[in-house]
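Shared chain: subunit A. Partners: subunit B in the first complex, subunit C in the second.
Moving on to the complex of A and B:
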């Protein structure tokens, strides 16, 4: 009788340390299968004004959410058919009338709420360093990035300014564009790793077997294949989203990724990026996503972030980017036309 | 030939069945089976181990087709190139293809179409022939477009089937093509997609994928075989042995074919230790082809 009571107590204790309320696969692991919407209004980096405050009050969070909702409602209003055209060069706004590349609010799907973890709102996804911002960048990285993003340093003036500068121009060829404009990877590190919320197409699907996990990243129909209880491939094989191996630590899936190409999804990093992610299914069936990233060529220290992935009934849509990449041809042809016009003007 | 075939089929169901039959019938069966070698061998009594979930056979693994279906689904002789031009002494590769030499040639194939020929409507057959004449300009594979279904299955690259307790997913090495698979019919596809909308069901130990909503921009092979947005494909994946699947696809498209028709071919497990799919996006490899003329300093 004593033994029976004891074993019941032990069973009760054990079942509490492995959350009994989450769905599980036949082999007892947390069931991560399903779709997730990873959009959130909480930014990656903490606005400097918040200092070292990790948490945001509910009042402050509600205010931000209401302001965003109001902005979207304004943007969703039917446009006056009799309005005047925006001025040449755009009206300076973020929207469609701003400049080349502006989006009507219809296209934006970046979430309508800020996330809570354990009932508290956060000021940022990053929680380490303590200021919630990316660590100081190494001088070698600053130099590298200033060259890489030369195109974005210059405003679009409607003329081929690069003809006056030395070195490669911003639109010399398809390879001059970002991997996302080339339809090789989704922008904003949506596939990463680490995987970030972006402007739209924030959906992910996870499929899970006993020795593999696959994560379908909506943009650009990219599949992260995580081999469980395996080893990294040879250093001379590189992958756009790195090589991922994983294992279970209790109910947490731990994923280690290395072997990136020279252009990892997290654009500031290099091929030596190393990411460790931890996926934990919470009792409310939300997936908790935590990660630590380090790159000896980019940052002085590792940095960490976390945010929840709520489940979604929405399908993951096919993002057939390359098949419809009219923009690439237009970008290059546009640049050639600007060059011809600029050269002609200089002659006249 | 009889002895060779018995040896070859040692582990298949065919030989086990043959042992029970008298010699004459066995000889006739053997000859008959050899004639139909272009089709996959008759149903074996192989019972695959169960997958996660314990109910359905385990299809987890990395699979790949052999053969020449990706060149031309129909029976065909070898030829100099997919892109041929008329010449005084017989067809030769098109100018853009000459430099590939034998690497650009087309190997022969016994075909995977049951009945031999694809039953085209007259107008659709003309389009197929025009596709062949204009292969370099028209084949979406050359532009590294998503290959669609069923072409993705028999392209000469591996793909991985991931099977959980209930969920299924197929990830292709070629072009990072991916297929989410519904376990319940969600209704008509809201929009056409390159890889279609797939709904899974099980027919005994056969995985059935019912595919609709396919974008008409895909081809079925390099030989110009095409379809419309009415394409409906029903795939069947049946374990034949521990390392083989039988793949069948029934293809119907009332705008293009006079009736439904069927292909079948084996799929082979990639046996190498620690085998895995690597990146073969191929999009970056066609940038010179698609955009090279608009470089600031074109190479040609």
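Moving on to the complex of A and C:
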């Protein structure tokens, strides 16, 4: 009798977990249709200070959110209307701002909170390896990336420094610029896979049918089309966001992606990148996004991450990047002028 | 956890966030010349509400009294739309002050490090997040 009751209880629990209280399509699959805002203040990689701690206390999470809000408020403050021009030679700003200043905070939309999973704040999106950081990079990858990123390591001095180096210059033509600067692919792996939160345009739209899932990525209008219950296409055919096939495992959509080009959205990887993603709709109306990435040319081991995609009422706006990309012309014309000046100086 | 430890971790988080974005988007360094700083002052003529970046056109008057039309680069209009700012918010005729650097191609284009009204109030405010590359305008930051 006891065994029978126990069996019934187990069966009831199982059927409950299989039939989560979530919206479903006519054929009974979780209904993923809709828009999501994937912005989060939680970083991809865990700061080293946290060691192997996956979780963040609420106190620490609140502090970080408050610090970001304070910085935002600082950026909004009134400044001197009668101000001088910034310093000649550059303002010393780093990274993307490139010694000339970048976006002010009003253009940025990277979220205002840190995500929780099962009621616990996380220190990073990556949860495997245990330190929450990308695995050790293989020597071949280090060599490849140091060459690739040499141009970005160069300080912007307003000169044609590349004339003093061997090989093609970084701004010889449109093709020598990155896919994101060319509006071909969103930066920071926003379209992925794996799909990452970035500085802005973090909205996604999912359209679902019985045999396809489409994910529209606001940044650069990237569109992923996932064929369900299908086979990968020939390895000879390569795509910007790879070739994605999917299937349902219970209520979880599992997507397998291969066949990348030489420039996957996740910039450190190569054409041999392989990504498996798992999308699970939760009863709190968020889409749980989990992924594992591996690349035999890049990392010493596979790595995994996860973060929730909350539903959003906001429409996904058009991002016709190429049409208004005046920056490309400015960059190429500017490079030609700097080269001519440098050559002229050398002659004199 | 002590407050000091939390402070250290918060700082580490910020550094990690910014450094993760370093290689994300570098066009500004390729596009603008650090040796050509400027301040532009004048009325807005029109706003190109285009992606990837909005461009604000203004009529600047030089010290010699000549009028020049300049274009100033901002960020994506998508973010502003979500904050209730649209192309009708910045009306032609609005007097603005911009500090930044001229485009390397020597055309009348510049980046908008700071775009303010005459009294220094920021033209756009109320962002829902930060993470912007530091613009270096405020020495305290």
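Basically, the second predicted complex is superposed on the first by the 318 of 348 C-alpha atoms of A that agree within 3 Å, B and C clash if a C-alpha of one lies under 4 Å from a C-alpha of the other, contacts with A are read in each partner's own complex, and residues count from 1 in each chain.
What we mean here is this: a residue touches a chain if its C-beta (ideal position, glycine included) is under 8 Å from a C-beta of that chain, and two chains touch if they have at least 3 such contacts.
Because the structure is a prediction, the values reported are computed rather than measured.
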Inset, instruction - Look at the residues of subunit A and decide whether subunit B or subunit C touches more of them. - result: C
Inset, instruction - Name the contact category of A:142: first (subunit B only), second (subunit C only), both, or neither. - result: neither
Inset, instruction - State whether A:105 touches subunit B only (first), subunit C only (second), both chains, or neither. - result: second
Inset, instruction - Tell me which partner A:85 touches in the superposition: subunit B (first), subunit C (second), both or neither. - result: second
Inset, instruction - Tell me which partner A:165 touches in the superposition: subunit B (first), subunit C (second), both or neither. - result: neither
Inset, instruction - Determine, under the contact definition given at the top, whether A:338 touches first (subunit B), second (subunit C), both, or neither. - result: second
Inset, instruction - Look at A:183 in the shared chain and tell me whether it touches subunit B only, subunit C only, both, or neither; answer first, second, both or neither. - result: both
Inset, instruction - Applying the touch criterion given at the start, work out whether A:320 contacts subunit B, subunit C, both or neither, answering first, second, both or neither. - result: both
Inset, instruction - Could you tell me which stretches of subunit A are touched by subunit B in one complex and by subunit C in the other? - result: 171, 183, 220, 317-318, 320, 323, 329, 333, 335
Inset, instruction - Using the touch rule from the top, collect the residues of subunit C that touch subunit A in their complex. - result: 1, 6-10, 12-39, 48, 50-53, 55, 71, 73-76, 78-83, 97, 99-101, 103-107, 109, 111-122, 124-138, 141
Legend entry - Residue ranges of subunit B touching subunit A (in the complex, touch as defined): 52-54, 60, 144-146, 160, 162-169, 171, 176-178, 180, 186, 193-195, 215, 217, 274, 276-279, 281, 283-284, 287, 290-292, 294-297
Legend entry - subunit A residues within the subunit C interface of the complex: 39, 41, 43-45, 47-50, 57, 59-60, 63-64, 67-68, 71-72, 74-112, 149, 152, 156-158, 170-171, 177-178, 180-181, 183, 187-188, 198-201, 218, 220, 267, 314, 317-321, 323-327, 329-331, 333-335, 337-338
Legend entry - Residue ranges of subunit A touching subunit B (in the complex, touch as defined): 25-27, 31, 33-34, 169, 171-175, 182-184, 205, 207-212, 214, 216, 220-223, 225, 227, 230, 233, 237-240, 315-318, 320, 322-323, 328-329, 332-333, 335-336, 339
